[in-house]
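Chain naming follows the written order as A, B, C, D, E and F, and within any one chain the residues start at number 1.
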Amino acid sequence: MKTLTIVLTDGPYISEYAEIAYKLAEAALKKYKVNIFLYLDAVHIPKKGQYPAFFINAGQLFSELAGKGAVVRACARCAGARGYLPEKEIIQESNCKDYFPGIRITSLYELSEMLSMSDRVISLSR
Amino acid sequence: MKTLTIVLTDGPYISEYAEIAYKLAEAALKKYKVNIFLYLDAVHIPKKGQYPAFFINAGQLFSELAGKGAVVRACARCAGARGYLPEKEIIQESNCKDYFPGIRITSLYELSEMLSMSDRVISLSR
Amino acid sequence: MKSVFYLLDTAPYGSEKAFGALNAAAVSLNEMDVTLGLYGDGVYLAIVGQDSRKLGLPNLGDILYAYGELRVLAHEPSLVERGLFGQTLIETIELADEEDFFEAMESSTYVIAF
Amino acid sequence: MKSVFYLLDTAPYGSEKAFGALNAAAVSLNEMDVTLGLYGDGVYLAIVGQDSRKLGLPNLGDILYAYGELRVLAHEPSLVERGLFGQTLIETIELADEEDFFEAMESSTYVIAF
Amino acid sequence: MKQEKMDVFLLTKPPFSPRSELCLKLAARSGKARIYLAGDGVYNLLTGIEKLPECDVYACKEDLEARAIMAGEKVTVPDDFYSDFIEDIMEHCRHEYTF
Amino acid sequence: MKQEKMDVFLLTKPPFSPRSELCLKLAARSGKARIYLAGDGVYNLLTGIEKLPECDVYACKEDLEARAIMAGEKVTVPDDFYSDFIEDIMEHCRHEYTF
C-alpha cells in the first residue's frame, strides 16, 4: 500500500491548514497509508478541551484520523516548548495527557523516517 | 499616568513578537501603565509548563510583566477555541488553571476598554 | 471621541484574521469611531455573495452586513491589482483611493494591524 | 536514495521557521539526500557573522557550520534583490541561479516548504 | 504509446504571495501541469491562472462558494476535489508540489 | 518656536513585505518620521531605508548582531533601543504606527 505523509506547521483556527489537511488525509485513507507530522505551531492541534464556537474542533478531527489508521505524531522539541510533554505511559494510544487519543509526541527523527517510507509528501504552512 | 496598550496575535516561539512585546512592556512599565491584550494565537503565550530548550520561556516573561503591574488579558473566544477555559475562581490572579499567574481570560470588550483608556497602542502580528 | 483604524491585509477564510478583525471592530463600535480598512489581500472580504456554510465557517459577508454602522474602506489600488474592480462588492463598503485610505489611517487615534 | 528539498523562504530569527528547517534537514541527513533551499527572505540566513547571544536564541549560522555535509543552495535573484550580493556569505552555501535552483527542486523526490 | 506523467500542484495561497509566484513559475516550466486550487488559492482565478499554457486548473467547490469566486469554463470543479487530488498525486504524477 | 511633532514607526518586517512597503509609504508622507527597526526590520538597512528623506532611522543593536547587519553612519543604534522608542511614542510623537 502506498503512503502519503502530510507535514503541518500551523496551529488550529488561525489558518485553514488543519482543516485542509484533514480533508486530504480523509480522502487518502480510503486507499493509502497516511502519516501526519505536526511541527512548530501545529503541535497545538491535538490539544484537548477545545471549544471553537464558530469552527470545527480541530483536535477531534485529527483524533478521528488517528482512529481511522493515520499515524499522527508531534515533534517533541516543538511540543515541549509549547507546554506539551510526553509521558512514559501510553493511554488511549497517546503519550501526552493534554492530547486527544491516538496522537503521540515523538522525536523529529520520526519525520525523517516517515519521509523515507513515503511515496508522496504534502507540506502546508502559512 | 499615561497608558500603553499592546495587542498581540502570534503564539510563542513561532515568531519573535512575544519577546519584542516583553521588551516594549518592560521598558514602558518604568514610567507608564501597560495593558496587553492576547488575541488569536497569542492566547497560547501564557500556557503553563513550557520547556523551550533553545528559547526564553514566553509564559514566564508575561507572568513577570503581570507581576510588575501590567494588565495581561486573553480573548475568551480565542482562548476557548484553543482549549483554555476561564473558571469562576481566581487563583494567583488568574482565572485559568492552565495559565501562568497574573493572566486572565476576559471578553473581547476588554480590548475596546483598554483602547479607550489608552494614550498609545502598539499591535504586533506576522 | 477616540478613533481606531483596524487594518486587515489578509484574505478571509484562509486565516482567522479577517474574523478577528471584524469581531474587534464590532466590540469597539460603542466606545470609539471605528474604521475597518481592507488593504492588500484584505480586499477579498469585499466580494458579494460569500457562502461559507460548506466550510463550516462563519459567513464574514453576513457579519459585515450585520454591523452596517461599521465604516469599511477598501483600498482601490489593491482591488484593481487583484482583478476585483469589475466585481460586485458589498454595498456598505466604501472605495478609497490611496490618498483617502492613508488619510483615514493618519487621522485615526490608533492604527491596529492584524 | 530518496532526496528531500526543504524550501525556506522566511527570514531567520524573526520566525522559528529557519530553526525548524535546519533541524528537519539535519535529522534527514543519514537517510536521504538533503538540500536546504534558501529562497526569498530565506536567503538572509546566508549572511556571515551572525551572533544571536544577546537575543537568547540559537545561532543559526553556527548550526549551518555544524552540518557542513548539508547541501545549502541560495537563490541568487533573491540575494540580489535584497542587497546581499556584495555581502560575505557563509562559505558552505552554494549560489544557484534560478534555473539551477528550480532544477534542484524538480529533481528532488520531495519538496517541503516551511 | 506511453502517457507522459504530469506535475501536480496544490496552491492554497492568494495571488502575489511569494509562494504563489513560485508555484506559477514551476508550473510554467513543467510542460504538463495540473494545478489544484484550494483555500485562498481560488483567488488566483481572478488573475487569470486558468490561462496558463499547458496547465489544467481544478478548483475546490466549497472554497469557491465561501469566497464568492466564479470558476470560468476552462476550470474544472470536481464533485470530490480532495479525492481527485489524492488520486492524481498518488497514481498519476511525476512530481507533487504544495504551495 | 513650537517644535513640530514627529510620526514614529516601529518596523519589524523585512523589505518587500506588504507591511514594510506600507510603512515606507506612510513614512514618506509624514514629513517628519522616525523609523525604529527591530527584529527582521533591520534587514531594511540592506535596501537603503536610511536614505529616505526626512526620516531618522534607529536600529536595535541585538537584532543587528543576530542578523549580522551593519548600521551605516546615518543610522542611530541606541544603548537602550526599547526605552528610547517608548519615550518617543509616549512623549514626543504625533502618531505611532507598528508594522
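Please note the rule applied: contacts are C-beta pairs under 8 Å (C-beta built on N, C-alpha and C of every residue); 3 or more make two chains touch, one makes a residue touch a chain.
From a predicted model like this one, the values you see are computed outputs, not experimental measurements.
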Touching chain A and chain B alike are C, D
With centres defined by CA atoms only, which chain is the most remote from chain B? E
On a CA-centroid basis, which chain has its centre farthest from chain A's? F
Between chain A and chain E, what distance separates the C-alpha centroids? Give it in angstrom. 25
Chain C and chain D have mean C-alpha positions lying a whole-number Å distance apart equal to 37
Give, as an integer number of Å, the spacing between the C-alpha centres of chain F and chain A. 40
By residue number and range, which residues of chain B touch two or more other chains? 13-14, 16, 40, 54-55, 77-78, 120-121, 123, 126
For chain C, what residues touch not just one other chain but two or more? 13-17, 55, 57, 111, 113
Going through chain F residue by residue, note those that touch at least 2 other chains and give them in order. 12, 39-40, 98
Can you work out from the touch definition every pair of chains that touches here? A-B, A-C, A-D, A-E, B-C, B-D, B-F, C-E, C-F, D-E, D-F
Residues of chain A touching chain D in their complex? 7, 9, 39-40, 77-78, 107-109, 111-113, 115-116, 118, 120-121, 123, 125
Considering the complex alone, what residue numbers of chain A touch chain C? 13-16, 19, 54-56, 126
Residues of chain A touching chain B in their complex? 11-14, 40-41, 44, 47-55, 59, 77-78, 80-85, 126
Which of the residues in chain E end up touching chain C in this complex? 12-17, 39-40, 43, 46-48, 61-63, 65-69
Touching chain F in the complex, chain B uses residues 2, 4, 16-17, 20, 23-24, 26-28, 30-32, 119-124
